[in-house]
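What follows is a pair of complexes built around chain A, which joins chain B in one and chain C in the other.
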Partner chain A sequence: MNELVFFINKVLVSGSVLGSVYALGAVGVTLIFGILRFAHFAHGDMMTMGAFVSFLLAAAFAAIGIQTPLPTGFIVLPFALPIAAALALSIDRGFYKPLRDRGVRPVTLLIASIGVTLMIQGLIRLFFGVSNRSFFENEAKEIFRIAVIGAKRSISFSEPQVLLIITTVVAVTALHLFLTRSRLGKGMRAMADNADLARVSGINTGEVVRATWIIAGSLACLAGTMLALDVSLKPDLAFNIVLPIFAAAIVGGLGHPYGAIAGGFLVGFAETLAVFNWSSVLRPFKDVLPDGWTLPSNLSLVPTDYKLTVAFVILVIVLLFRPTGIFKGAST
Partner chain B sequence: MSTGDNRRDALLIAGLGVIIVGVWLWLGSASTIQLMVSAVSYALIALGLNVQWGYAGQFNFGVMGFLMLGGYAVVLTSFPVNEAFWSSDGPNLLGRAIVAALLGLALVLAAHRVDRIGIRGRAKVFVVVVAYALAYLGYRSQIDPATVLIESEAGFVGGFGLHPILGWLVGGILAGIVAYLVGKACLGLRTDYLAIATIGIAEIIRALLKNMDWLTRGTLTVSPLPWPVPTALETGIDDATLSLITARAGFLSLLVVLIAVIFVLLQRAYAAPWGRMMRAIRDNHIAAEAMGKDVKARQLEIFVLGAFLMGIGGAMLSTYVQLFDPGGYQPINHTFIVWVMVIVGGAGSNVGALFGGVLIIVAWNMSEPVSRLLFQQLDTLVQAIGWAGIPDVDARALQMRVFLLGVVITIALRYAPRGLIPERIRRHEDE
Partner chain C sequence: MTLIAASGLVAGYGGAPILNGVDLEVEPDDIAVIVGPNGAGKSTVLKAIFGLVAVAEGNVVFDGDDITNAAPDTLVPMGMSFVPQEFNIFTSMTVEENLEMGAYIRRDDFSETMASVYDMFPDLLSKRRQKAGELSGGQRQMVAMGRALMSKPKLLLMDEPSAGLSPIYMEQVFEHVQRVNRAGVCVLMVEQNARRALAIASKGLVIANGRNRFTGTGQDLINDPDVAKSFLGG
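Right after this comes the complex of A and B.
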């Protein structure tokens, strides 16, 4: 049983946490790509920016003296999301829309998004310094432990991790309902499919673009805040995972929100499984091994240092062999 | 090419000259020469990217990877021979790992051809995947003991103790070989997909070089790398400042000569039928293909050429600082900044790439002291009003340069999308 608990802690829990963050980020990337046809490289920094917005709000809440059983960083989300959405809209207004209006190629927009990345990162470092910060300076991070009969270790996960998975499920369901039930959501899907046809059919494409930035901005803020709650807040929080997020979006097929969610979990689990040390799970079978076989102490697929590299390798392989995503044909 | 354009270009270059003279008056000779060494090396890297992006429209966002390969090539070529490694069992074990890798490669190549014996479709995919897995396991089984032994007994493989300039050439060749493999696989991808793929590949190269301690010493870093010209200690001049200036000036003049040669060759190539063909492929590859040009081969050729120049540039940078530190490479400092150089300078224009390279490096390095000065003034000002001072002013001022880079790229895209010294194609009617 010890081995099973170890497996659940190391793979199931951390894989779902990582997968949720990737999924939330990848949905934003994929929506922007579907509507505006460019790879929005600044998405990682929009996540970091969102996390810092929540951090400031949490500090304000703490200063007023609002205390709840839930982490303050989570409580402020209803206020942080609109702010992040407004920031995303103004970034589009200030940097992308003027270029779009001039009719530049998508490549130029990609370069512009790198400019935006650098500006956001420079400003965050300027105002907050480069040190690590924690949402849990004034409150305790609760850790749940579920004791398993017959095991010395217990299944353990922290409060932010539970909240992260719950909010991911809620956000994904809400997005699904929006895309399938609402007029705007249907318009969004139509525009992702064929922008010209959507325009002729009377869909207000400007409105769709704004909706895209609002959704992408709030999802980025959500993902960034939840990630910062789980680990810690630093200026390169999400810049480092922007490529795994792109990997997730590409695995699912750029432009397909459902694919992005699946891709996020796929990449997250692939990373945790690849560095998982299988010999600890195989230990109970030590006695049944044939004579002369010994179990090596480390039996992971790749060394732990290469955890993020797994995502890059998946990214490159999928791009080379299935550039339209692995679910090609399955999604509409 | 009209005289107005020429005058504008001359004015811009003169302006850059004035800025450099200003820097020289402020910082003194030794620091200015150091800045110019970095600027000239980056100008060469920008030329490499200009060849790829400006000549052929290739979206290479993996510049960092090629710079790292160049830097590592200097370690391998010119770092002194590590006797401890060669006298240990390391070469033998490493040889077996190489044999295992080659056998694995043969297995994979064979698996790709199983359709010849009638295995097709899903069965072939299965065979290929199994072949990859077997090859990987076989390689791992040989390389793991080798790395453990090398790291415990010898530290790392060491170099061959050859001349650094040979190291630069090896850097270019190594980057070129990797670019050939990358280009072979990726150049068929659409622009943004190519960008993402090359970023991914650069990150894989970085992860490998950072974690292969037996080959690169990883985060322990390798230093001191030898210089191709006498270093400050070797000049034999007693005066410390003078010897420093002499050594650095020697290094800088070597770089300037090399880059002048490369620049002239590139300009010739650009004006030649080869350059015209490349522009034709960039502007309309379908038409070029219809005219009988081998588009794929030409694109691969130019990707390799650009990476070759980047590899040399990366090798120069590590040689100058005498240090190879795989942890010190960042996408911002080594990929994005080169893109800013080419965009600001003018894609497709070699003069523009050189101009952009020097301008951006000067701006990047000077923004730190300038913003520190500004911030300190601001700090005294707010304290004079009676507010609390800005905490860690110096560390924050340093971050201004990332922001500045972002502002520069945004302004360039908005107001000078073709760059400051744009590409000007000579046509007969102009002459």
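Right after this comes the complex of A and C.
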């Protein structure tokens, strides 16, 4: 039983947490790609920026003495999301829109987004320094433990992890309803499908572009804040995971929001399974091993330092069999 | 009372102009057909009217308003719709969603218009929940026309609607065009299939080298020996 609990803690809990963060990031990347046709490399830093917005708001809340039963970093989200959306809109207005209006090629926008990446990281370091910060300096991070009969360990997960998974489910459901029920959401899918025909149909494409940045910016802030609540806040918080996020978006089929969610969880679980130390689960079988065989102390498929490669192995394998990603195989 | 009039249109894609002074006048109940050799600028006339190609000289008047170089998203609310030749449906969306996108500019209840589109194209009713990309070529063309009709246009511009269709579907497209016209929509279309299209045209224009060559009723043009010899294959 100890081994099962260990597996649940290390794989199910960690995998769902990582998968949720990747999924929220990849949805934004895929929406931007679908509408504007370029790989938005600065998306990771939009997540980090969103987390810092929440951090500032949480500090302000603490300063005026607001105390809540849930983590303050989570409570401030209704205020942080609109600020992050406005920041995303102004980044588009200031850097990408002028380039689009001149009809540049997507590769130019990609390079511009790398510039935005460096700029955001620089600004964050300038104002906040390079140190790690925690949302939980003045409040306790609650840990839930579920005791399992017959096991010494208990299944444990933290409050931010639970909140992350719940908000991911809520955000994904809301996005689904928006894309399939609302006029603007359908217009967004129409523009991603065929931008010329969308324009010919009289769809206000500028409005769709703004809606895209609002959604992508808010989801990035959500993902960044939840990630910072789970681990800690630092200037390169999400820059480190922008590559697996892109891998997740591509695995799911670029431009396909449901694919991005599936891709996010696929990559998240693949990474946690790959670095999982299997010897701890196999320990009960050490007595039945043939003579001379011993269980190595570390039996993970990939050393933790090489975790990043897992996303790309998954990417290559999926693209070999489905060159357009998991979800796009059948149509178009 | 002319619905759409263009005079002296000079337009192109940046380099040498494709159109070198095209005139046209279409009445509200017309089926007007533009024919001519490949590369004559037939499609460019439609694109110049619909604001997809910049007009360098000349002007376009729609329903009394000067609309020269107006953008598509301002023209659709004024009562103009365009069916491109290719990529004219949203393949990843259902038939019904395609129609809804045609009505995107409308804030009123468009269920009646949708019912009338399904009346016109009964084949689509049973496929309404299916992705448009999964339909046959003829059905896709119906979706494309239906989408364009959802904004309740006075003028429907169609770029080679029969291109790439099998003969049976081609015949259907011409029947659909007549049905749309009988419902009170003016149709201005470009056709490669010149003889068949002129047979249903109340007005025909032959365009060559970016200029008007012949104008008349569809029947006049079919019977004109010069037109027949040079442009209708004898």
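Here is the rule we go by: the second predicted complex is superposed on the first by the 310 of 332 C-alpha atoms of A that agree within 3 Å, B and C clash if a C-alpha of one lies under 4 Å from a C-alpha of the other, contacts with A are read in each partner's own complex, and residues count from 1 in each chain.
Here is the rule we go by: contacts are C-beta pairs under 8 Å (C-beta built on N, C-alpha and C of every residue); 3 or more make two chains touch, one makes a residue touch a chain.
Because the structure is predicted, anything quoted here is derived from the model rather than measured.
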Touch test for A:I203: chain B only (first), chain C only (second), both, or neither?
second
For A:A190 in the superposed arrangement: first (chain B), second (chain C), both or neither?
second
Figure out whether A:S279 sits in contact with chain B (first) or chain C (second), or with both, or with neither.
neither
Scan A:N9 for contacts with chain B and chain C and give back first, second, both or neither.
neither
Of the two partners chain B and chain C, which one touches more residues belonging to chain A?
B
For A:I250, select first, second, both or neither according to whether it touches chain B, chain C, the two together, or no partner.
first
Looking at the overlay, what does A:S134 touch: chain B (first), chain C (second), both, or neither?
neither
Of the partners chain B and chain C, which touch A:L123 in the superposed model: first, second, both, neither?
first
Pick out the shared contact residues on chain A: the ones touching chain B in one complex and chain C in the other.
none
Touching chain A in the complex: which residues of chain B?
59, 185-186, 189-193, 195-197, 199-201, 203-204, 207-208, 210-211, 332, 336, 339, 343, 391-392, 395-396, 399-410, 413-414, 417
Chain A residues touching chain C - in the complex, by the definition given at the top
183, 186-187, 189-190, 193-194, 196-205, 331-332
Under the touch definition given earlier, write down the residues of chain C that touch chain A in their complex.
50, 52, 72-73, 75-77, 82, 84, 87-93, 97, 100-102, 104-105, 131, 133-134, 147, 151
Given the complex, residues on chain A that touch chain B span 38-39, 95, 98-99, 104-108, 110-112, 114-123, 125-126, 129-130, 243, 246-247, 250, 303, 305-306, 308-309, 312-313, 315-316, 319-320, 323
